[in-house]
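Labels run A, B and C following the written order; every chain starts at residue 1.
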Amino acid sequence: MNIQSGAEAVARRTGLTARGLCYDAGGKRLIDGMDISIAAGRRTVVMGANGAGKSVLLRLLHGILSPASGEVLCEGRPLDCALRARQAMVFQRPVLLRRSVRGNLAFALAAKGVPRRDRGHAVADALEQARLTHLADRPARVLSGGEQQRLAVARALIGGPDLLLLDEPTASLDPGSTHAIEELIQNAYQRGVTIVMVTHDAGQARRIADDVVFLNSGRVVEAGPADQVLNAPQSNAARAWLGGRLYLDSTP
Amino acid sequence: MTGFGSILAQALGLIASGDAALMEIIGLSLRVTLSAVALSCLIGLPLGAAVGAFRFPGRTALCVVLNALMGLPPVVVGLLVYLMLSAAGPLGPLALLYTPSAMVIAQTVLVTPIVAALTRQVVEDLNQEYDEQFKSLGVTGAGRVSALLWDARFSLLTVALAGFGRAVAEVGAVIIVGGNINHVTRVMTTTIALETSKGNLELALALGVVLLGIAVTVNAAVMGLRASAVRSAYA
Amino acid sequence: MIRRSVLSLTAAVTLSLGFSLPVVAQDDFIIVQSTTSTQNSGLFDHILPIFRAATGIEVRVVAVGTGQAIRNAANGDGDVLFVHSKPSEEAFVKNGDGVRRFDVMYNDFVIVGPPADPADVTGMSDVVNALKQIAAAEAPFASRGDDSGTNKAELRLWAEAGIDASAASGEWYRETGSGMGATLNTGTAMGAYIMTDRATWIAFGNKGDYQIAVEGDPKMFNQYGIILVNPEKHPNVKADAGQAFVDWVLSDEGQAAIAGYQQDGQQLFFPNADS
């Protein structure tokens, strides 16, 4: 197992492919036959209106939800424990443990099976990266929203994942905090970590995305290089969304 | 019947006198009850946490049983443990009957379901909050149980307190398996029962006030700990 | 962190149990199954230190009702049985649970009652007639109702009076189902007559305005017996130490110790072992 800290590790380039993904909840089809491919070592931004299925898609790709049908493949193999262990995810609202900042980071390493004596160095690096060193011994849950999310991203990265999924990580943050999170994401990308991020913010998508996937009503309506999707959207849904208009018709 | 004021004065006088026999009884009460609560936590915390954290066949039935066992009458527990430890019972050769160890066992049987059932509730709520994050980090099995227990530690203090309250106050179980033997198995509650049966109601009440004082002290200490945890958002 | 806390918890448990173990490991003691009357009257607190000084043997008394004491001893949970219900004691020996029964001492039962004395029995010494009067007046009577030696003696007296008191159970005849002290607490609060052993009554601290109404009938003598639990049937019985206690209680020294116990200037138990 790779026990190098996230800061030093060079990620293995890993992509994902989903075929015919379907997911139902409460009798409703939330994901309806999605085919999607996440290119290795690139930054993919997933966009779409509320209820389009972005969050569910991320959880399916991460393997914490199981599809009703279809499959998620990584390097040609169905997602298993070992492959999932090479992914990490950041949720919209950070779920922090009732421990110190340092304790939260160490916990993620422990979960990856990193021996106690090897954790200190990696934790110190991650604290540094996330600019949380001065808060290391503070209870994680009394940090500000921005600090909490920085910690969540740092915790996701500390195990040295090859692929990082982020579900609207900056949705309720101020510009300064948003910038800090984006910086962490970009640094990870520089080390070769594949990024998959959901955002509502077209500006953020322009700053980060190599590729954009646009969802509507549980389907992929448009996918391609960021330039193309953001500047010359082909589908009605994407055009309406990016044009700032309300788009209420569910047909693409 | 004397007024409550004089009983309170008698209770304070009892404590202030530092009477060796009383101190012995208080000491044994605490030793037996704290041992039983510690053992109950050792068994009940992981058990309750496992039931709270995992889904498995028969889980609902197990929850019902655990909740129902919280209402076990102490006398019934005392009788069951007596039948086990009696010379005629399966554990007779251990010669534990009428010893403090027998009282610890009886109170452990009494308190473990309380600890387990309350732990299950606490951990189940916390597990719901942590579930996705734990799945994401790949935290499963025993690792998940111990992480949940650690993160719920301050809520679980209250659980342990509930067990302590039940154990320190019960008389039915310890009087049967302990025998209320002077200097050996006589604790606060059995002394109160004895003094009541001797018609020394004021002394019995004064001892009750002392017992209450102990319970209040223990509760205040734990609550203080918990309050500081709440300030750190650890609880 | 978690492992450490589990470890320290385990250590704490082991320690606290360890503290209680030395008490268990001590071997020079015997368990005597006896009754609340001997315990509550303070007799044991008087005689046991004398016995211990003489022999070094510690006596641990489990004081319960005679019925429960006999059942506990029949399970082998005790080395000596020291109770007061001769027929049950003889049955205990006959079943092979006890070696042999010896008379030790007696005290007597009395009937205590409220000053109002609704059945007009105060000063009587004929207990059978007194019970008849209580039944006729339907005056409240609190019974142990717990199969204890006192309870059995009381039932024998009702039978002799030809009265089926249990038929009036819940009306004027009230069975508390508890020990002597609890029955005295309850009975005095409800203004009932209560039959109790004299020793418990003298030592009882919650008499209120109650007084002894009926006393002095030889039928109310309360004979105590002592029996070594049979080591052949119950191998865990500490036969030597138990026998030493039985021998001592029956000896001149033990009998003198019993006779010497007084409360409020009254002798409570009268030794009558065959010498």
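Details
To be clear about the criterion, a contact is a pair of C-beta atoms (placed from the backbone, for glycine too) under 8 Å apart; a residue touches a chain by one contact, two chains touch by 3 or more.
None of these values were measured; they are calculated from a predicted model.
Contact with both chain A and chain B is made by no chain of the assembly.
The interface carrying the most C-beta pairs in contact is the one between chains B-C.
For chain A, the chain whose average C-alpha position is most distant is C.
Between the Cα centres of chain A and chain B there is a gap of 46 Å.
Separation between the centroids of chain A and chain C, computed from CA atoms only, is 77 Å. Averaged C-alpha coordinates give centres for chain B and chain C that are 31 Å from one another.
Each of residues 1 in chain C touches at least two other chains.
Across the assembly, chain B contributes residues 147, 150 that each touch 2 or more other chains.
Shared interface positions of chain A, i.e. residues touching 2 or more other chains, are not present. On the side of chain B, the complex with chain A involves touching residues 129-130, 132-133, 135-139, 143, 147, 150-154, 232-235. Taken together, the chain C residues at the contact with chain B in this complex read 1-3, 5-6, 9-10, 12-13, 16-17, 19-21, 23-24, 31, 36, 40, 45, 60-63, 72, 75-77, 179-182, 184-185, 203-207, 234, 236.
For chain A in complex with chain B, the residues that touch the partner chain are 59, 62, 64, 81, 84-85, 88-89, 91, 95, 97-99, 107-108, 110-112, 139-142, 156. Residues 31-32, 34-35, 38-39, 41-42, 86-89, 92-93, 95-101, 104, 146-147, 149-150, 179-182, 184, 194, 196-201, 203 of chain B touch chain C in their complex.
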